[in-house]
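Given below, in the form of structure tokens, are the structures.
Below, chain A partners chain B and then partners chain C, in two separate complexes.
Entry: the complex of A and B
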């Protein structure tokens, strides 16, 4: 890479860089700082500053439940996303290159259907299915889909919504390695398909897999439209529901979620970077 | 790029015997290409069911109406209703807000992403990219809360600068635009970064050595190369802003007519019979708008990438 030439400073562009970074920094940090000030009660004459809202995170009813539900749903969504996408993407590279366009279109198609429209469509399907399946063997299945403790229907919806993001992230990861060469090398060393997949291909995709997983977690934790329309109460819906009565708490919880997820993603990026030089030839 | 050449050689050597080029070979080998599609089938099946069923149900529901007696009839009344009065206004309001914020975010993100990519501050790149990923995906509700605390009626800045007396309201078109930019700009930065990484320093040097100014380099070299990315990024932002619901829902009191809010209230509120059909028709309208925008983008994309590659 032409690092030498790239690092030659252009005076004008350096000024522009500083300006745009500073403006962006102010725009992106000020609301977060104000929200932080709001949660601890600074800037409001009627309140004495305290960390009460953050202490309440650990004692308030419903938070553990809704966050737990969101995390369980996120875990299931990640499993399903990987279960659907990895075979498809590897197949495209190894056996059926002609399927590439189909897979790309299918994975980007959910972008055309807004979450609210998807939620509206799913409620309609569920209502009709209830009418048709009432008193039939299919009915328990329908009830299981909407079981409040673990609504499978949300996992399915989240998976669909995560497809565009997961596809682009995994594609970028796969583009950086030569899957075909790796697989052929492993297979000609007599590795089984199982070993090839889990000890050769997936470890090389580690960073892309982790990125996909955490972006999916972020998406599931932040998802509001479909969950609210279907009447479930995972994390985001809960924070909005309590924002009227516990305003400080809801903001504190959202901030903690935002910053916590960011730190995890940052750690993933850091670990990926520290490994990278070793893996290059 | 550099790994493509040895890969191709191996492909050719190994591909002959195993995977390729024998569509008419008998027996086991003939089944290989078909078997190769097996890995794709679950994904396609899932998308067909999870995307196809709701959209089909929505279309069916949008075109039918049931009267008090419970009989259903095919009608276009729901669609006619969505193209009239407050519903049309909400649809246009959403389109206007999304187009404006997507355009502004696209323009603002280019210098920002460029600054991040070329900056030599250690760790800035990772910090910005991971923060962008979180904001763009987790976004919605927390951002609405943060902006209510900042610029809402009792917000910190509203109080500090007396913005309320000057006619500022977060719950207006412009207020909502500022909130939307907060998650659209990070999304665009994420989209642009790989493309900006692909801009080789040599191209800039070649242009400068030939006597081009920095401006000319951007006008004639960099922007044409980035154009497809900017275009698809704009469409992605438009779609994201268009379908955003959580932000507006969390900012209770928003008086801006947005189509997502209208759909949700028609579906969840204890509504009159017939409202559900209108909600579904509005949902179909949204899909049509999003599909049109994406279709136009694909057409433009094809024309520009034709001479790029």
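Entry: the complex of A and C
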């Protein structure tokens, strides 16, 4: 009897897991399979199924430039996010714990600002700044912010948008270690502040840093609204732009991007695990 | 409570330790005063324990030596040189922390070698020295393990090896045993004391555990509310506490009702007079006071006309702890040789005897249980 009562919840939970995983799988996979079918022409009586859309990825004009721009912007955004957040979060931990709530609110605030509103706001500010700075020495700086080859204004906007994600992942990483004790231990071992940061703190935040970088790359590569409103053409804007004339190519690029993102995610997770030592036996 | 049986003191000549001195250290955190003019000095090669209740300022004092806290006033002197403003990484002190502070991403050997790496010691020399130190702390085969693969006691041993790696002038121990279980704690404290004596390193040890302090230290400094109450050898601290606080904090202390004579020099307790050691806190000269007596200083004898009743007895091996209720209602404890205690049945009327030496007194408290 005891055996029966013990096994029932187990079966129930297994069934529940199977059902929920199946539903989630269908929810995610069906649209992807439909997209895949569309890109290769399955189900379209007017064309023969082929991988032409995927082959065209490497030959279509504009893809390399837009993807390259997105990756450069992503790199700059990651640098700026780390440059802003790491000192702030470490200062909160080491010297100003009372500021934690303020930093948390500031970092999470962009979540409640829609990307369209942010883009519209930046457009308005740039227009206003152009009128005011037209004849001043500040105008070249304003122009440099909007240089199409490397639009710094997008880096600033992406940094704002990435703050909530970056804050959450870095905080999780910092929560997993006792930063104060590690810093003091390193200092008592004659390490300068610089060496303490680069030889002790950052290596122990490795996984959090990788996760933050990955999420920032994903955000920048997929971001459309702000870039489009400001008139730049990184990867997401190019994908939408090409969809009018090359619908299959546009979807194929999106699918390839998604798979690439998953591969990066797997690589990040694997590298994080491979460095983690096993627990005490 | 027994004092150390681990090693002779003071430390032998030829030690490598430095002198360490606190001069008028003050530090406040908002409205809280953590240190209120601390003056203290450590001799070369000495192990001094800072003992006191939570919040008494002992950790703050230690962190000032490490360079992690800056005093509002006062100075820290290392070998006579003022290091108050010297950054932590240039102080030449080693520290073992309360929580496990090993760098999780480095193996035990790399943790030990970390300080040498900071100092630019060649890799081969670092490796050899780390291995030597791991052998010294009893972990010769654990160099390749990561902190998460080590037990708490092993982690603290590695932390100790890391702190010793650069041959610091002063070793700081911030309650390094408090997170360990009793058995490991006992063996590690013997290990720490052995190493400290072997290396002759001046050591400041913060603890709230009186047994730890008394068993390990050459001298114990008892702190209260940011001030030094008494600094003395464990024996002196236990046998001749300077203040009622020290008497109550170190070991078990009975509070017997007494009456202070008009001259303030003698006190009447248990029907007999005794000279007073020190003076009454607060400056009052006569009247009701508490007389502070250690359980082992009381003698107990069966007496049908005695003024106390034996209510409980606990066998502790060589001694037996008797719980005795005075006719006034107070309960006191007496530690007597077990052979004599067996002749006293529970419920017997007893007579208490006091030692001949001067006694410490304190303000009277209206307590039923005084021990």
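One rule holds in what follows: the second predicted complex is superposed on the first by the 267 of 281 C-alpha atoms of A that agree within 3 Å, B and C clash if a C-alpha of one lies under 4 Å from a C-alpha of the other, contacts with A are read in each partner's own complex, and residues count from 1 in each chain.
As a convention for this text, contacts are C-beta pairs under 8 Å (C-beta built on N, C-alpha and C of every residue); 3 or more make two chains touch, one makes a residue touch a chain.
The model shown is predicted, which means the values in this text are computed figures rather than measured ones.
Undergrad: Which partner, chain B or chain C, is in contact with more residues of chain A?
TA: The partner with more contacted residues on chain A is B.
Undergrad: Pick one for A:204: touches chain B only (first), chain C only (second), both, or neither.
TA: Only chain C; A:204 stays clear of chain B.
Undergrad: With the two complexes superposed on chain A, say which partner A:181 touches: chain B (first), chain C (second), both, or neither.
TA: In the superposition, A:181 contacts both chain B and chain C.
Undergrad: For A:142 in the superposed arrangement: first (chain B), second (chain C), both or neither?
TA: In the superposed model, A:142 contacts neither chain B nor chain C.
Undergrad: Looking at the overlay, what does A:71 touch: chain B (first), chain C (second), both, or neither?
TA: Touch partners of A:71: none, neither chain B nor chain C.
Undergrad: According to the stated criteria, A:85 is in contact with first (chain B), second (chain C), both, or neither; which is it?
TA: So A:85 only meets chain B here.
Undergrad: Given the touch rule stated above, what does A:195 touch, chain B (first), chain C (second), both, or neither?
TA: It touches chain C, and chain B stays clear.
Undergrad: Shared contact residues on chain A for chain B and chain C?
TA: 178, 181, 184
Undergrad: For a test of understanding, state which residues of chain C touch chain A in their complex under the given definition.
TA: 66-68, 87-90, 93-95, 97, 99, 101-105, 114-115, 118-119, 145-151, 159, 162-163, 165-166, 172
Undergrad: Please output the residues of chain B touching chain A within their complex, sorted ascending.
TA: Against chain A, the touching part of chain B is residues 3-4, 6-7, 10-11, 14, 19, 32-33, 35-40, 42-44, 46-47, 50-51, 53-55, 57-58, 60-61, 111-112, 114-116, 118-120, 126-127, 129-131, 133-135, 137-143, 145-147, 149-151, 154-157, 159-160, 181-182, 185, 194, 200-202, 205, 214, 236, 239, 242-243, 245-246, 249-250, 252, 260, 263-264, 267-268, 276, 279-280, 283-284, 286-287, 290-291, 294.
Undergrad: Name, in rising order, each residue of chain A that touches chain C in their complex.
TA: 177-178, 181-182, 184-192, 195, 199-200, 203-204, 206, 275, 277-281
Undergrad: Please name which positions on chain A make contact with chain B in the complex.
TA: 2, 5-7, 10, 12-13, 16-18, 20-21, 24, 27-28, 30-32, 34-35, 37-39, 43-44, 83-85, 87-88, 90-92, 94-96, 99, 102-103, 106-107, 109-125, 128, 156-157, 159-160, 163, 165, 172, 178, 180-181, 184, 211, 214-215, 218-219, 221-225, 228-229, 236, 239-240, 243-244, 250-251, 254-255, 257-258, 261-262, 265-266, 268-270, 273
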